[in-house]
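What follows is a set of structures to go through.
Two complexes come next, and they have one chain in common, chain A, joined by chain B in the first and chain C in the second.
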Partner chain A sequence: MSNHRVAICGIGQTERYRTKLTCSLAGLVREAALNALADAGCDWSDIDALIIGKAPDMFEGVVMPEAYLAEALGGVNKPVIRVHTAGSVGGSTAIVAANHIKSGLFKRVLTVAFEKQSESNAHWALSPSMPFRPHFNSGAGGMFAPVIREYMRRSGAPEDAGCYVAVKDRVHALNNPHAHLHLPDIDLDTVKNSPMLWEPTRFLESCPSSDGACAMVLAAESHADTSAHKPAWVHAMAMRSEPSFYPWREEVNPEASRACAKDLYAQAGITKPREELDLAEVYVPFSWFEPIWLESLGFAESGQGWRLTLEGATSRDQGGDIPWNCSGGVLSSNPIGASGMIRFAEAALQVRGMANKRQVDGAKRALGHAYGGHSQFFAMWIVGAEKP
Partner chain B sequence: MTEPRENLLEADFELGFTYTRSPGVIIGKFLAALQQQQIYGIRANDGTVLFPPTEYDPRTAESLHDFVPLTDLGRLLYWTWIDQPRDHHQISQPFAFAMIQLDGADVPFLHRMFADSAEHLSVGMAVKVQWAEQRRGAITDIHGFVTAEGEQS
Partner chain C sequence: MDIDLDPIEQLDAPIYHRYHATSSRAITPFLHAMKRGELLGHLSTATGKVLFPPLGACPESGQATHMPVILSDSGTVLGFTTVHLPIPGSKLVPPFTVANILLDGADQACGHLISECEINAVAIGMRVTAVWRAKEIWNNSLENIEYFRPIAEPLVDIDELQKQCLIKANHRKKSAQGDQDA
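Moving on, here comes the complex of A and B:
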């Protein structure tokens, strides 16, 4: 495969990731796409191909929505491709789109990911009752609760470490006008006193159900100068998968997660991610996944991730050295299919210096991360202010 | 040779969920108007009138906003006659699946055409909407079309 540089020169998001009853699915997706085109200084005719991602069709009950979205996204007479990797799909969609530039096939692609959770119920869609097996009705929260318990047992983390993440990301979200949740009065007590949903995960340690879309215009180096703002550059990208269930599977620190990060860092020449990256946007839908991923992604030694959280290392507001999820993260907005792309896009916004009130000063290199399924699909990229 | 079916398990599996649909301001206005027996097309960028309306121009992808009021009259362009409707046609009398172009619209659309027999249909004949008795803001508020030959079109 050729190895053309990939620039991120347009980023668009839904104005705010909350219930949008006044717009159709197409209208929701289009808002982000138009914002990305405006940022890129492009219009529909400048786009060579359209790469769409969303979570399972059952989440909204629209089968193959990419087919009906072609005209809303200017996809008529162009290649339209759908990517599908469960909750990580926003990240893998961005990577598929970037590979179409990297290969030299296209000069400019529009990539869009979305979810309209107000039209359905992801908990139901993840946990339908099936013949020949018991009905767990666990949803994502129930699926991950035992994994979190096992992490707590291994690491000896204090019982309230997750509550710190829940507060930190919601405080971050106050700086992000796109965030679904704006909870100005949140504190540890509020989180601790919120209802226990899937022990040990409380209501306020869980992500909300959001509507929204995120879009990016990716371009070859020869076409990267149309925006009024400088582009971000893709320095590395990787995807890995593994089966949902097998007896020797390491569910707390999945093999696919470690392999994906190893590949990613090797491409970017990174050996100490905490020191060599300025920030990270990581898929944390339930609070405890911050310490879990801090360790899996090599920001902390095994069993020590929770210490970074408690010390404020991942908090922008506390001046931490490696802020995680300055946008408020998935804990503050979760339009599922879009959430991975939002992580990737927020990382790019930061290195472009365009993150406004949530900006990490002087950010040069950032990680965007997504995972999905039963912690079995991983997508990651590293973006930088300078060309790789 | 048929496969032996004994010892092979199977079970009924019904999957269902009550989703919500938000048609948005454009399609939403079109559907709400049907409930009031009002018919709107929408003007595309090149000036042509589309019925039913689309949110975005199928050629240029621009947002469309310019509603064009239409009447309940149109022309029959072509059809397939269903002489012996089956259960899934949800209608017991013979009818035609027909492409009908409403007066003032530039494109035809698919709906049902009612007539006593296929011999009563002809290319270009005048037709008019037969409204459903119970209307709820859906394309089926137009029950179908019947002849308007002899009426002013």
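Moving on, here comes the complex of A and C:
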């Protein structure tokens, strides 16, 4: 198999990930794509193929939107591929796009991921009625709450550890002009006093419903010099999935998550992620998933992830050694299908030194992470400032 | 064109799909059993684990399953959440508690409601039993059970429960494979 280096030359995001009632799906994705092309110093004609991702179609009620959006994204008479991996799709889409460069098939690919949550109701869309079974309608929050409670039971973490994550990521978001939520007055008490939605998850420990798109121009080494800024380089990428339900399935620290991280770190030659990475952008839609993934991804020992959060290790503002989600993360913006790609793109922006007010000084290597479904789909990449 | 009209930025237009399901050979006995008020699981001979509700295949081995196992309508709460957020189109009025319940004899938890109990009293390891709807309206559905209610038994250590279940599964696997060899 060919093994060409993959450069991230252009990154584009929509202006701000909040409800946009006066903009169509096509307008939304085109805004992100144009921003990515401008950053890459490219035009539509420079693009060989279009790789699109989004979460399930019920989230907007538009079936196979990739067909309708191809025109708005310059995809006419070009290969167009749609990727489906639920909430992890933004990450998986970037990986599918990168593999099309890595293989040598294309020189330059435009990859776009999006969601326009204001078009429908994601909780409703995530709670379909199944034959022969009672219909609960408890949404994503209801699905993950028992997992969170199980993590709390096993780790013995203080009951407010999740509230620290909720505050930390919203403070980070104040440095990110794209973030949906800008909550300058947030503090622990505000989070603790916010209503319970799906016990033990509170309103302010949950992600918002956002509209937005993220786009990247990926290029082969020979085509990586068009941007006014230096590119980021893909050092490693991995995907894994597992079934939603099987007997005694490990839901807190899923096998697919551990296997994905193991493969990723082996490719990048990483044995101590907390020391060898400068930052991480990790899919944390509910606060407690920060300690859960800190452990699953090897940044902390089993049962100890919450300690890193409480010590401020994951906070950029507190000078933590391994900042997580300097962008404000999924807790501050969740255009679901785009959220994974935003994690991947923010990691790349950091190693390019282009993260402005949310920049981690001297960032050289960063992790981008996404998960979806019943904690069953995983996509991860490591990007670096230097060629791998 | 009348340009003075106010724009309509958003309009609720819900979409529903109605499916007519045809049951497979594997799931038909489960559906008939439901109508009789029996909970029928499947033993996976590849793993020795008992699946409920049975979908006709073992998710771990991929092998077809058909060996019926009648399960108790009592079980143990492995996980739960109390939902406070109303969702469009739902008949349930929050707050309500949804739990993953491991029926006695099964290896796979099944989602259902918990009631007749203070929200704060629900706990991991709590023992519960099914409250059935009136027999006259029983259908081919788990909805014949209205909810589960707590029973006066001590909390179960779910780590120990898992260990015991896996030991039993291993015995069933060996015995099933012994039957095949014979």
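Simple rule for what comes next: the second predicted complex is superposed on the first by the 388 of 388 C-alpha atoms of A that agree within 3 Å, B and C clash if a C-alpha of one lies under 4 Å from a C-alpha of the other, contacts with A are read in each partner's own complex, and residues count from 1 in each chain.
In this section, contacts are C-beta pairs under 8 Å (C-beta built on N, C-alpha and C of every residue); 3 or more make two chains touch, one makes a residue touch a chain.
Computed from a predicted model, the values in this text were never measured in an experiment.
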Review point. Clash or fit: chain B and chain C on chain A?
Key: clash
Exercise for review: Give one of first, second, both or neither to describe whether A:Gly53 is in contact with chain B, with chain C, with both, or with none.
Suggested key: neither
**Study point:** Touched partner set for A:Val147, first chain B, second chain C, both or neither
**Key:** second
Check your understanding: Of the two partner chains, chain B (first) and chain C (second), which one does A:Gly139 touch, if any: first, second, both, or neither?
Key -> second
Exercise for review: With the two complexes superposed on chain A, say which partner A:Ser24 touches: chain B (first), chain C (second), both, or neither.
Suggested key: first
Review point. So, A:Pro131: does it touch chain B (first), chain C (second), both, or neither?
Key: both
Practice item. Considering only touches as defined above, state whether A:His123 meets chain B (first), chain C (second), both or neither. Key: second
Check your understanding: Touching A:Pro247, do we find chain B (first), chain C (second), both, or neither?
Key -> second
Review point. A:Gly61 contacts which: chain B (first), chain C (second), both, neither?
Key: both
Practice item. Tell me which partner A:Glu199 touches in the superposition: chain B (first), chain C (second), both or neither. Key: second
Check your understanding: Hey, what residues of chain A end up touching chain B and chain C alike?
Key -> 21-22, 61, 118, 121, 124, 131-132
Point to revise | Of all residues in chain A, those that touch chain C in their complex | key: 21-22, 61, 118, 121, 123-124, 127, 131-139, 141-142, 145-147, 149-150, 153, 195-201, 243, 245-248
Check your understanding: Taking the complex as given, what residues does chain B use to touch chain A?
Key -> 9, 11-13, 15, 17, 19-27, 54-61, 63
Check your understanding: So in the complex, which bits of chain C are touching chain A?
Key -> 7, 9-10, 15, 19, 21, 27, 30-31, 34, 47, 49-51, 53, 59-60, 78-85, 87-92, 96, 98-100, 107-108, 111-113, 119, 124, 140-143, 145, 162, 165-166, 169
Point to revise | Residue ranges of chain A in contact with chain B within the complex | key: 20-27, 30, 44, 58, 60-61, 71-76, 116, 118-121, 124-125, 128, 130-132
